[in-house]
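Chain IDs A, B, C and D follow the sequence of writing; residue 1 opens each chain.
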């Protein structure tokens, strides 16, 4: 990897240069919550001052730019018994992602495995992924983050460049040729020994700040053994079956397809909608049989898919420990607590 | 150089390779060339890919399925029910259960449909050469079973003893009745049983397991050591049948079943068909029974 | 009524059913949503033949296949009208929350009828009855939820009727659509919301506008109302606020045991 | 001379709600002329009792599907007046803009879909789709614009979601407002064409002197709050609305009736134009003059024209409002609400006339008593007296049954009655 350091003010030049010619998505403040805490989201930004470089965690992940919640996969023009199908991957220009945390970059890396690496790569995703210029940025652990447990607290690849604040300057890891070329146009410097040291220190300092964690030792086996555990029922009683966890999750990718017919009957569309395995009809098949009729069986399935099945298939879990689902779940169901309770074969606290 | 990022197009013009990015939503346009009513609920559709080159390229193996699309109506998986030798001119036996299938029951010959696939695993017919085969179907299970049956028929000399065992609720639900004589003529023993006979029924009455019990009495243990079984039907049925066969020490890895789940893509993306975290569309629909036993919540 | 040529979809002829609109006690807003479809009204009319629509047209026929009935039953004479519609119609559609659940009208059922009459009319005699949804009187074949109904959903249902494909509703709750729309959760903003237990299909209409859901579309399948009550309490909302929302449109009546004082 | 005549219109069509007209003339003598309202009451005033203040606007909007925005705003105003909240200038402008667009969509709906078929002698707007496609397209275009603005500002064209006590839950996007401004400017042409269409219609010649009640404008044409005025010279404060309405029950109607200085009075577009003529936008006044509409106009059929005049007024005024809103930075969308004990009245001019909501709250912010007086209930008595006079006048002229039935129906429709709302 090639490294550079830049003065902090230079970041603005980089932004200005990129945003003049490209669409730029970045973290911005979207309002305050009831206790006055700043809420963040990813949005298109035109103004560097709007970019919240020190954002904590966005409520929704970056996935809608790669896997839109609702996407037209194909359109049809109808002609009596015949029809024509048109396919569009819904991207016509590359875009810049300015300021993505390591967990979200790792989430994309994991999605890459299923959506680009398997026998049937998914072009809708690939077209967006291959056209995203990603600038990563270092972060501060939040109370619900457990990325360190999931091995996603640092991103080794999957970005173009990664920025770390080392006090007076930014330390930059460069991964792509494109990024290297862009950086030639602003003032950069070769890092000196002291810069490397501050970079390492920043990393070490971050490690001490994690409050939440998940013990993943032998987790796949434990999940297997605890398949019938009563613990699941207790979490199932809490779950609303609302799908919020999957919607905020940076790695949940499952979907449903709906067909639409225009009201004048001359056109139709095939629409992909991100779904959630917690929804009541996720596993309903012909004849009405539901393979997972109870909330607990669906909640359990979500954990099995992420923490067992995916691990078996790809040697790593489909959870990056961003903590969003726990944060968003109104029923306060969080990954660390669920896993801990399964591990101990009991429900965490009373209530 | 200006600062515009270069656009990377993922589109590739060749639409037939599995790993080709642009093949994901690629549909072969096909025409319904005939519709044959089998029962009140099921029709047999003959569907021919229109482009001759594409038709020739559409190769499949027994047990595989395709995704059938009617624009604006739906897109669903169906097992191919015709011989693999006929390539892109396939037959599907479809039961009317919901939106897409009911609409299909109203379309006419000549309507164009979309086909994606073929997808999924298949029955390893080659492994069964020289062995006895038990082909067991319950209800609509005969639709997917018809492909291995025709495979065996076309390659009859390669197989030893062939039993076809087929059961339905009542005689009116029997599928493909016009083919029974031909199967018998090809030296395949066909045993049919119905649960609820009507006045005209002269054959056997009861559950499929009854036929299997009869076979157990008739054959010695050596027979079962050299036997493969393909079981298609509702989970409750194959669960019973497979555990019965296992009593005769037929290894679970020599029994094959086909699972049915909801599917939207057929390509391991939508997750709807997952059993535990196994994709029915990629690792299935054909599984050996040992694998099924190990899948959580499969049956 | 505009007569357009018979259409077909994928070679299957499209039925152009004769439809009639009726209203019992309601604000007539759901019917108005039909006239509010400025952009697609003409296409809508080519799919169905409207033979009765008092709010929009004079005259009308009593031969129809599909009856869209808006409003709830709040007076005894409406029972007879509804039964008559049921006898004629092949398909009776409960159109909007009043028809499906009683709507806001059913809030009247909190009181005894005599008090209600006296409060509004004094000693002047008026007739009124307990508010009931359509299915308390007759069999309902199809429900279109919402207060008001969502025109996109009405159009979709009518299109499906015309081409003869299945009519399906989302079985999941509003939160699903709300998240997909990228909204900040109202609980984060300190507002109550029934999104977690209410049937989706409105595309999270209210939360999109930073207004909490009041459950006008009734309960989603397999909803977890006990958990919702717990959540509301944990967010500092009183039992009264919870009840106000849950009882507003009548969709949750039958799930309110223990909440009512 | 007409000797015998029997007219019985059961459930008058192309009006909102259920009402019947009965006229019977025997031997040249009027036996009966009756405007009967048979709508089922829904008892909103009772069902509000015991509910917390924040329920009121949400529930009360559901009194009427056509003017749900007006009801919501009246309800909000009543709550705000009870709690002593004065809306910010930004809120005031946004509410007025929202109100204007509801007025526009409702007037256009009435003029084209409900009233015009009478003048063109067809049963509904549907045959016009083929015979007059451009007319229908024009109506749809204006209505769509009005509804789009309502969606943008109120969150929803019907039963708005953003309107709350204290302001709005969220503000519109300025870019969208700019877009609407251009569409509003463009729609002026359509309104001129609408006027052209109505010039081709013959407005029945019928005059019955009556009293007109509306809000009184001070320096702008009034829609939300302010003093109450009548063309007979009565002036009252907003909270004295009961002295303006004097509701009473009658046997022929499930809706209450109202009266002021005479046996009946009228509210609505014509009343507003009659009482506030000088405050209309100049181009709106020009349209009025072209139709010979000048205060005080006593021909009830001219209410259609008054609606047309107001349509022009609200479009012109909305352009000004958007200019103002675009010229300043956004303030907070809503102000905090502190509940207190008291009574509040909200008077709002909805398309069909002046509407009052009045709530009495206890210390805990619960409604103890509610009262809503709907424009159409104020008009019922006037409609009845007009019908009687009409029957007498036209019987004397020897009019045919069908013509009289048509004219009677048109008369009632001119008021654009909202019956289900009057029997709320």
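Here is the rule we go by: a residue touches a chain if its C-beta (ideal position, glycine included) is under 8 Å from a C-beta of that chain, and two chains touch if they have at least 3 such contacts.
The shown structure was predicted, so the numbers you read here are calculated from the model rather than taken from an experiment.
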item: Identity of the chain that, by mean CA position, is farthest from subunit A; value: D
item: Centre-most chain, if every chain is reduced to its averaged C-alpha atoms; value: C
item: Winner on C-beta contact pairs when B-C is weighed against C-D; value: C-D
item: Distance from subunit C to subunit B - Cα centre to Cα centre, in angstrom; value: 43
item: Intercentroid distance (Cα basis), subunit D paired with subunit C, Å; value: 25
item: Chain centre separation (subunit B, subunit D; CA means) in Å; value: 66
item: Interchain centroid distance [CA atoms averaged], subunit A/subunit B, Å; value: 37
item: Multi-chain contact residues (two or more partners), subunit D; value: none
item: Subunit B: positions in contact with at least two other chains; value: 71-74, 98, 107-108, 110-111
item: Multi-partner residues of subunit C (each touching 2 or more other chains); value: 9-11, 163, 165
item: Which pairs of chains touch, using the document's own definition; value: A-B, A-C, B-C, C-D
item: Sites on subunit C touched by subunit B in the complex; value: 9-12, 163-166, 168
item: Touching residues (chain side subunit C, partner subunit A) in the complex; value: 7-11, 14, 40, 43-44, 46-47, 155-156, 158-160, 162-163, 165, 171-173, 175-176, 179-182, 184-185, 187-190, 195-197, 220-224, 227-228, 231
item: Residues of subunit B touching subunit A in the complex; value: 1-11, 18-19, 21-27, 29, 69, 71-75, 95, 97-98, 101, 107-108, 110-112, 114, 260-262, 264-265, 267-272, 274-278, 282, 296-297
item: Complex interface listing, subunit C residues touching subunit D; value: 1-2, 23-33, 35-36, 38-39, 41-42, 45, 50, 53-60, 74-75, 78, 103-105, 107-108, 110-111, 115-117, 119-122, 124, 126, 128, 147-148, 205-206, 208-211, 214, 240-241, 244, 248
item: Contact set on subunit A toward subunit C in their complex; value: 30-31, 33-34, 39, 41, 59-60, 64, 69-70, 78, 80-81, 83, 237-244, 247-248, 260-261, 263-265, 273-274, 276, 279-281, 295, 328, 330-331
